[in-house]
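Chain naming follows the written order as A, B, C, D and E, and within any one chain the residues start at number 1.
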Amino acid sequence: MAVDLHKFANPARFLRITSAIFPWAAIVTVLLLAVGLYLALFASPEDYQQGATVRIMFVHVPAAWMAMSIYVMMAISSATGLIWKHPVADLSAKAAAPIGACFTFLALVTGSLWGQPMWGTFWVWDARLTSMLILFFLYLGYMAIWGSFDDQSKAGKAAAILVLIGAINVPIIKFSVDWWNTLHQPASVATMDGPKIHSSILTPLLVMGLAYTSLFLTIFIIRVKAEILGRRLRILRLAHVED
Amino acid sequence: MSLTAINLRCIRQDRLIFTDLGFSLKAGEILWVQGRNGAGKSSLLRMIAGLLKPVSGEIQWKGASVKEDPDGYQDQFRYIGHQEALKPVLSARENLQFWADFSGSHNVSAALKEFDLEKIADSPVGIMSAGQKKRTNLARLISSPAPLWILDEPISSLDTHYIELFKKQLEKHVAAGGMALLATHQDLNLPSVHKLDLDGPRGRNNE
Amino acid sequence: MNKFTNLIIRDIRLAVRQGSAFTMTLSFFVVAVTLYPLGVGPELNILARIGPGVLWVGALLSCLLTLDRIFQADFEDGSLDQLMLGSLPIELMTLAKIIAHWLTSVVPLILITPILAVSLNMPADGIWVMMLALLVGSPVLSLIGAVGAGLTVGMRRGGVLLSLLVLPLYIPVLIFGVAAVEAAIAVLPMGPHILLLAGLSLGALVICPIAAAAALRLAVE
Amino acid sequence: MNKFTNLIIRDIRLAVRQGSAFTMTLSFFVVAVTLYPLGVGPELNILARIGPGVLWVGALLSCLLTLDRIFQADFEDGSLDQLMLGSLPIELMTLAKIIAHWLTSVVPLILITPILAVSLNMPADGIWVMMLALLVGSPVLSLIGAVGAGLTVGMRRGGVLLSLLVLPLYIPVLIFGVAAVEAAIAVLPMGPHILLLAGLSLGALVICPIAAAAALRLAVE
Amino acid sequence: MSLTAINLRCIRQDRLIFTDLGFSLKAGEILWVQGRNGAGKSSLLRMIAGLLKPVSGEIQWKGASVKEDPDGYQDQFRYIGHQEALKPVLSARENLQFWADFSGSHNVSAALKEFDLEKIADSPVGIMSAGQKKRTNLARLISSPAPLWILDEPISSLDTHYIELFKKQLEKHVAAGGMALLATHQDLNLPSVHKLDLDGPRGRNNE
């Protein structure tokens, strides 16, 4: 067959491991989402100023966390792909990108829905919001690069270069609230001195965060599998054409 | 001075083009790479020129892997591909002059003379015919000399007169101890030419 | 070093011969900036208010249009193969082409800025700072642009993908550039903004030639 | 007629295959429009004031970037020669390509306009008229653009010259387009402006395919 | 059915390429246009195809000037130039299908078969080798048949096997009453071929 076997020895093991994890991840996701949504929408106290709108937070904040951490994960796995040429690295970054884009979009949408009651407008051009929008564009650009190359291994490297350059944006998002005076809230959970908010809010927030993470993991496994199998299929088809 | 390829394997877009390909070339020799369309001749030449990375295998120059001293190796060859690498708005002379400077040599007027380009040397390359462009491109071999010539279809669109002229240049080059890698479909009737056939067991019928 | 300057000179010469590149970029800048007053209406106070933004965005967009000039032509006619094979390290080769791009496509914009600024009713203080900010910040445009150009060079019609990749990364330059000018107009200290722009330029100067070179290695495969 | 629709379908298919053209033009539009608020600052009343202008200029510039897609690729790979030699009259051939361009590059812009308009704080009345004005006026962009693209098709790096030729001719569309939206926002009659746009479109529909065809005849010589 | 050229004169950028050039071609004949590089072969073929206007002189199809019925004439020939006119993102089949539709014919699968392209017909043209592209381009002659073939260097970058295949196609075409105009530097040893030498008194040494 027309392929380097060593290239696909690893993915085989990878597929085995992920197949084993997958059902658990799916179950955990469902449980955590159920608990998290219950805590967030029913059990948590209403804010004395904001009323029920404060509950947008439980969707918004973890989504923003995911948006950034998925990007960081993509950057790390792209770097791995560039340096050690590990075959699964590029594919896993590729598989994560659309999920990350969705979380970014979710954070943007929930943020602006929240902005309407809080700041009186859907959108302002301050540093946090803008850098988040840039993150969204970076995700789009990343996916566009994958779509634009015929040669997948080239596409992987090109996309990796973009992710790595764009990684500068992540600290900008994180610290924009400290560096510029923005409308947006400064950090209160993930700070140097530990969380600064009450546990009745912190708990559902963290549960939702975990729920999102395992949701990500579930979808991610499906997508990586599809990527690896898709690549195999393509090779088989070409090998078939050759004979 | 010698060029050796060991167990080269080429995969393009998940498709095996050739594998276990090896050859060795010494001063004064020519290697004629043969093979049907799509056999991988252009791919092989790009690989030897370092533009395409082999999936596995090694290329050695003077017995040492080229990976050890890529910059040193790059000075040792001249690659002429399908594309002309000529700027249409510059004249033949200006084009050659730039490439000569870029490789640190100074033989432009000799090169123009050898390839009979003097009369058109100062009109822009953009309005030249296919064969005239090809000759200007080939003239780089003289204006920026190097021991190893890597030539991908160097005589396509040359007329018979200029094919002869090119042959003479090639013979002169190897007689002076140079070496050449040549991919072409036309037989040039060169003496002392070695052949490498990509249709053989090393490659595969790729279609 | 000689090869390095030779390459810069060649690129400048090509830009001059190929349909007077200077005048074209310039004219695009002028047209793009003058479209705004047309779209927004001629009220002077609004124009003065949005002036720095319009000029910076105009510069960004004009620069963008010239980015594909950096590598595309060389790729198409095979010159890029040869440049990669030369004894000049690829990072330096990339840097030479970036410098040539900056000189031919960006510097003319800086020179014409005062005239446009006056037409947008910008105060004199603002104009000088505008030029200074452009001078300090615009190398980033060429540098980041080169990475985008390198990534998209193999593609047919990579132009739009190029904009998509590059424009978001231009945003910090835009923000600090405008901030500097507005600070100057409001007679506030503009030093920090200019320093930030300089910092961006230096950072890009270190990272971008390397990234662009990596992208080009992919492109010629 | 069959050949005509065939050509349109081919061009659309190429646009889709070549790196998802839709999403890219769209994203450029989004990026270009979002740059302005960044440059100008986030004050809502100023944004609302310049909103229609920013959107129209954004549409013009995005459209501009895609113009070279109309003929350039076909010219470079020799397809244009063959299209000129086909039995479809060259004017109709040109028209088919213009229609394909409008469908792939301009219509997506119209569809995304509402979202951008909201982010620019434009009132709802303005948004509908904005879309209507774009729908009626944007064919001019493709039509005039095709003439420019035809004139510059043979040239290396004709891109900037193209902008220069085409942008001034876009100005009437810009002026009436903005006027229509501003009229609607100010609750004034916007009918006359829309009619004028429609008139421009019809006029361009008659003249431009012929002019573009003539330009192409020159280009292949 | 006949093609006649009378007193053609070609000037490119103020430079006389050829003048007083005439020939006539009847059904079943091949005209081999010869000449050194820059002699004006490509220019002549583009002129016959109507892509370049002659400064003076006339081209007649079936005895009537082609200017009288340009559209009718355009259906009568197929022009294959240096450039491939193939879209890299479409497969060979899709490319041929489009051009067949565009000229109102339907022989795509036969064409793919004749030029031995069936195995690679569905992979994108962009990743094909030089010779594979050329064959796909030549297949248009079969998928969109026409009495007159105008061929500019049709066999460059074809290997010997496919040159033979192309020759057979050409012979079949003229045997069936077709005609062909051919510019190439390689002798194809075709029977019943007429020659037109542009280096003669009609042209000038252009360099």
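To be clear about the criterion, contacts are C-beta pairs under 8 Å (C-beta built on N, C-alpha and C of every residue); 3 or more make two chains touch, one makes a residue touch a chain.
As the structure is a computational prediction, the values presented were derived from the model and not from experiment.
Novice: Return the chains shared as contacts by chain A and chain C, ordered by label.
Specialist: Shared contacts of chain A and chain C: B, D.
Novice: Top contact pair of chains, counted by C-beta pairs?
Specialist: Going pair by pair, the biggest contact count turns up for C-D.
Novice: On a C-alpha centroid basis, what's the spacing between chain C and chain E, in Å?
Specialist: Centre-to-centre distance between chain C and chain E: 46 Å.
Novice: With chain centres taken as the means of their Cα atoms, state the distance from chain D to chain E in Å.
Specialist: Roughly 37 Å, centre to centre.
Novice: In chain B, which residues are in touch with two or more of the other chains?
Specialist: Correct list: 12-13, 82, 88-89, 207.
Novice: Where in chain D do residues touch at least two different other chains?
Specialist: Residues 18-19, 24, 27, 31, 38, 41, 73, 156 of chain D each touch two or more of the other chains.
Novice: Considering chain A alone, which of its residues make contact with at least two other chains?
Specialist: Residues 130, 137, 140-141, 144, 148, 150-151, 238, 242 of chain A each touch two or more of the other chains.
Novice: Any two chains that touch count here, so list every such pair.
Specialist: A-B, A-C, A-D, A-E, B-C, B-E, C-D, D-E
Novice: Provide the residue numbers of chain D that touch chain C in the complex, in ascending order.
Specialist: Residue positions touching the partner: 18-19, 21, 24-25, 27-28, 31-32, 35-36, 38-41, 46, 49-50, 52-54, 56-57, 60-61, 65-66, 68-69, 73, 155-161, 163-164, 167-168, 171, 174-175, 178, 182.
Novice: Give every residue of chain C touching chain B within the complex, in rising order.
Specialist: The touching residues are 2-3, 6-7, 10, 13-14, 17-18, 73, 76-79, 81-89, 220-221.
Novice: With touch defined as at the start, can you tell me which chain D residues reach chain A in the complex?
Specialist: 18-20, 23-24, 27, 30-31, 34, 37-38, 41-42, 44, 118-119, 121
Novice: In their complex, what parts of chain A are in touch with chain C?
Specialist: Going by the criterion above, the answer is residues 82, 127, 130, 134, 137-138, 140-141, 144-145, 148-149, 151, 154, 157-158, 161-162, 164-166, 169, 172.
Novice: Spell out the residues on chain A that touch chain B in their complex, using ranges where they run on.
Specialist: Where chain A meets chain B, its residues are 2-4, 150-152, 231, 234-235, 238, 242.
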